[in-house]
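After the structure tokens below, expect a handful of questions from me.
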């Protein structure tokens, strides 16, 4: 079997990896997948750069594109995971007692807000708050905080509100540390359409893997496709979140999942929306240059299949 | 009568460390009873204890525990093997030590989390990186302590060996090594604790499928506070345990301290 | 008799330099000299201890060093033994380099000179280990020594468990066991009891007569200094010069009777005079 | 001639630490020239240097630098004020020390990142938490070192003071404190490095808008490796600088080591 | 004369216990006793040093302790001064507790007893500081002492910059400056030069005659021991007993002539006999 080393950030969006593995789709394709659990995008990109990893189960797209600006052709996406108010991922939360239905209701209150870490997340949070007419410094302060401290901080009442990601949102709602005010804010405030998908993460593979072992990459992609299909159609796949990812066992059936699509399943609008999100990060100075996202979206298994 | 008393005091001597545990748990318990913090954030010790026992008996914590011990001990062993001889040599050649002091103090003052990327480059994303970073950190503090132990060695003893015809190497092995031994043990206790800290941090932030650090970050993400405190307690107790081993060795071995 | 002693001094002080081309520093020294000190200077933090100091130590003889506190007795034997650096000058060993010479040394600070991590017996073994002797050879040699010096010390104790005098005894035994070619003794009997001191003096003399070791012994006990010595080196206060270098031409073995020998008494009182004159408080 | 030589050697003495810097940068440069790692991951030193200079001159790094220094120095000062007296007291009462040893070794072996949640609860998310965690960490290692320095004190000196009529407190202040001073300096150098490490880690992980750690994590997440290495270099050099201060104080102050 | 000495022994050895109800351990001791040791036992790692040992130290007298190496001289004065714990027994100070008594102590291990972080002069100041004297008072007292002991030592050096003898001198001065009520001297002159030893002996005697301090002095120099003492305490080998407790009823001030006084010679030779008998190698 061909060995493929996959970097996995153990949150809910890593589910395709576990489905493909547990349901034998890798084996079907004669692929011996090896998981390397890594905390977040930076070490995954590192692993790809050093050649330790061939793929990433759920690599944040901003980081992937950023990596491509540092070393062109390092990261390609074979699937993207879209999030919006239905497929909740990023969201604003508020402490109990703070009455707000949408982010707009934050206006008029001076708030201490925490944010998911990283320049990308900070930029998004700022943009959203700016879009509702709030000014940093006068209307709110924004503090970057490591993801593992989000629930604690809200529970301790250190902040009035926060821009956070799953599974923190669900955990906060469940434990009463905070409640969700509005999810899918990137779609609404940055792309401009509530129903648009914000493709913030995806299944990635390295350019090197693609070039040096195209045949294996094709089979890997095919397995991935099957896993995505299962997730779309079969809710029992969610059982695999349990234990494998940072998902509370009692919430596996209800925790929101992003919409997971292979690249060929994206519509033209989806691709434009994706480009828009990436452009936004360039404009806000996170990415140092403009990126043509189309270059890094690949379909590996269709041509051979058709 | 006297025998009974001295027996009792010996018993107390044995039990003294337990006093520390009791103290710690008591303060913790008091804090929860006085509700200094939200009980969800700081659960009472008994809950954490339950999580600890559950984790050890039927859960994955026991395995995590072993994994962390394995990584810590391995990295510490590597570190000691490098740092003790090197520390003796550098300490004896003070000028040489001053030349490399910058490098030592530099990296001693750099957080492990900052050099993860560098080590990821050198050692890949697996266990090796964790062990290497931990060993690297421990090397620095052990080296530092051993070298200082050597520099503060009693000069008469060194001269005595020299005049009896001991060459440079013999003096290093026969005198400097022994003279610095009390300090070396301090360094090793610093080193083993640091190894443990770095291994746990690496398990937390580089990512791992097992280990106390993994359990810790998982508990934090899932907001299972009793489990998190159980993991912290496991790490701390492990650290004490390893220190205790060195303390015991030191007590039987380094009998001449201050004499 | 004092002619001899003065002669010894003259050798050093008046010795005309047999200058080899470009080597003006190596003055002539008498045949039979084991250790030659020439033009030695030493300061501590700006205080001059020695300035252009010359000294000859004859081979196979015992030289006692007698001088006031702080004049630099420990310093000079430390420098000769190569333990502390000279500021200027040379110490020449006849025939061999200092590293090739087997040196025994009893430190004035005997408490810190033993290794506390070794038992007394292992401290005595240590120099033999350095010489590369096998365990059996070492044990034989130590056993021989301990039979000879039949002292009642529990040699299986650690040094810090011994009394001051016992530590000093161990220190002396350690220096003797290696049968050194040159033996430096810095107030070696200062902590020994009455009986032990007498015993050690005699053993020292015996050992010396058997092996013809070159010995340098610092002592504040004038009787002891003269009793043991072939030459008594009298030093002045700082900056230290040689006040006198007195020969002691008494036959060996010396014994309790020697102490009342008129020659002995004369030398002793001469030394005392010189010392009194030079070392006034 | 001699004067020139000794002058040259004195100059070399001053320059010796610089040798360390040169060595470090040279090894780094060599690694990049030999392309041991992808140049994106390990940029050549000159690029990092450029990022460092840029950051210091026109960028935010200088301000970050000061922020980190401020936090580190403050936390270290608090730690010393607590740990040195306490260490002397505990070291002199060995039985008492053994009772609290568990707590000390426990927390010494627990990563700062693991206790962040606890401190977050107690001190909020601002500077206070960072300073508190760093001070806490430094207290433990300074305390540990001081106590050991006291335990290894030369007994004769203690007895001398006692027999002259010094009470318990005078012995602590007049003898134990001084006797442990060489070890205390080792502890303080450990402590200042640890303070710095924890402050940087805290800046990395708990909300900060400035400080070297903030700069570091930002660069790390965006893969701006020259900036990251510049930040690491700033941290390390800062650590060395602070160690150097103590080294210098120690050299003029603790003149009796090993004598 | 030996009657006196024997009597002193008997006081301790045969003293009939004037048992108070339920206090059988406090045996009778003679009036004028300053320090009383009763039923003292001490072991080190299972080796018995003292077993049920009794001793009286008379007030305002000088007691010399003379005994073989390792018999426990340092140990007993350490125990009396409260520096190391007893296994059993009592040490009673007449009138005051030991903490109330001003004690001077010159350690046998003089090198480690000085504080290396203080200059020699500050080491001498230290006990006065402990007594709570003002700076002026201290300086006066130290100046007085240094004028009296006009020794040529640079007191502004640190102890480790001094020679062995100089360190010991500083150590002695430190013990004298506080004008102690009880003064323990453990081989206090072992590292001093010839002249200095004589000088110190006489100064000691003078100080004693002026202040009537109770003094205990350990010495391996029998002449010195007898010369300085009102009583010579002769100790046996371990387990240590009192071999003899000899009174020295010679008038003070004693001087060089005393040494040839037939009484002095007689006491000395008696002590030597006892010592020889009890302390055979």
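Note that the chains take the letters A, B, C, D and E in the order they are written out, and that residue 1 is the start of every chain.
The definition used in the following text is that a residue touches a chain if its C-beta (ideal position, glycine included) is under 8 Å from a C-beta of that chain, and two chains touch if they have at least 3 such contacts.
These numbers come from a predicted model, not from an experiment.
Any chain that touches subunit B and also touches subunit D is listed here: A.
Greatest Cα centroid separation from subunit E: this falls to A. Averaged Cα coordinates give subunit D a centre that lies 50 Å from the centre of subunit E. Averaging C-alpha coordinates per chain places the centre of subunit A 85 Å away from that of subunit E.
For the pair subunit C and subunit E, the distance between C-alpha centroids works out to 31 Å.
Inter-chain centre distance (subunit A to subunit B, centres taken as mean C-alpha positions): 38 Å.
Among the residues of subunit E, those in touch with two or more other chains are 109, 112. Residue numbers of subunit B whose C-beta contacts span two or more other chains: 37-38, 41, 117, 121, 154, 204-205, 220, 259.
Among the residues of subunit A, those touching two or more other chains are numbered 42, 46, 49-50, 149, 152, 156.
Going by the touch rule set out above, the chain pairs that meet are A-B, A-D, B-C, B-D, C-E, D-E. Of all residues in subunit A, those touching subunit D in their complex are 41-42, 45-46, 49-50, 63, 66-67, 70-71, 114, 117-119, 143-146, 149, 152-153, 156, 158-159, 286. If you check the complex, the residues on subunit B that touch subunit A are 37-38, 40-41, 116-117, 120-121, 124-126, 204-209, 214, 217-218, 220-224. Within the complex formed with subunit E, the residues of subunit D that make contact are 154, 156-157, 159-160, 162-166, 170, 174-175, 178, 181, 254-256, 259. Taken in their complex, subunit D has these residues touching subunit B: 13, 16-21, 23-24, 36-38, 41-42, 95, 98-103, 105-115, 117-118, 121-122, 141, 144-145, 148, 151-155, 182-183, 186, 189-190, 192-193, 196-198, 200-201, 204-205, 213, 216, 220, 225, 228, 231-232, 235-240, 242-244, 247, 257-259.
Within the complex formed with subunit E, the residues of subunit C that make contact are 44-45, 47, 66-70, 72-74, 108-109, 111-112, 150-154, 161-166, 169, 187, 190-197, 199, 220-222, 237, 272, 275-276, 279-281.
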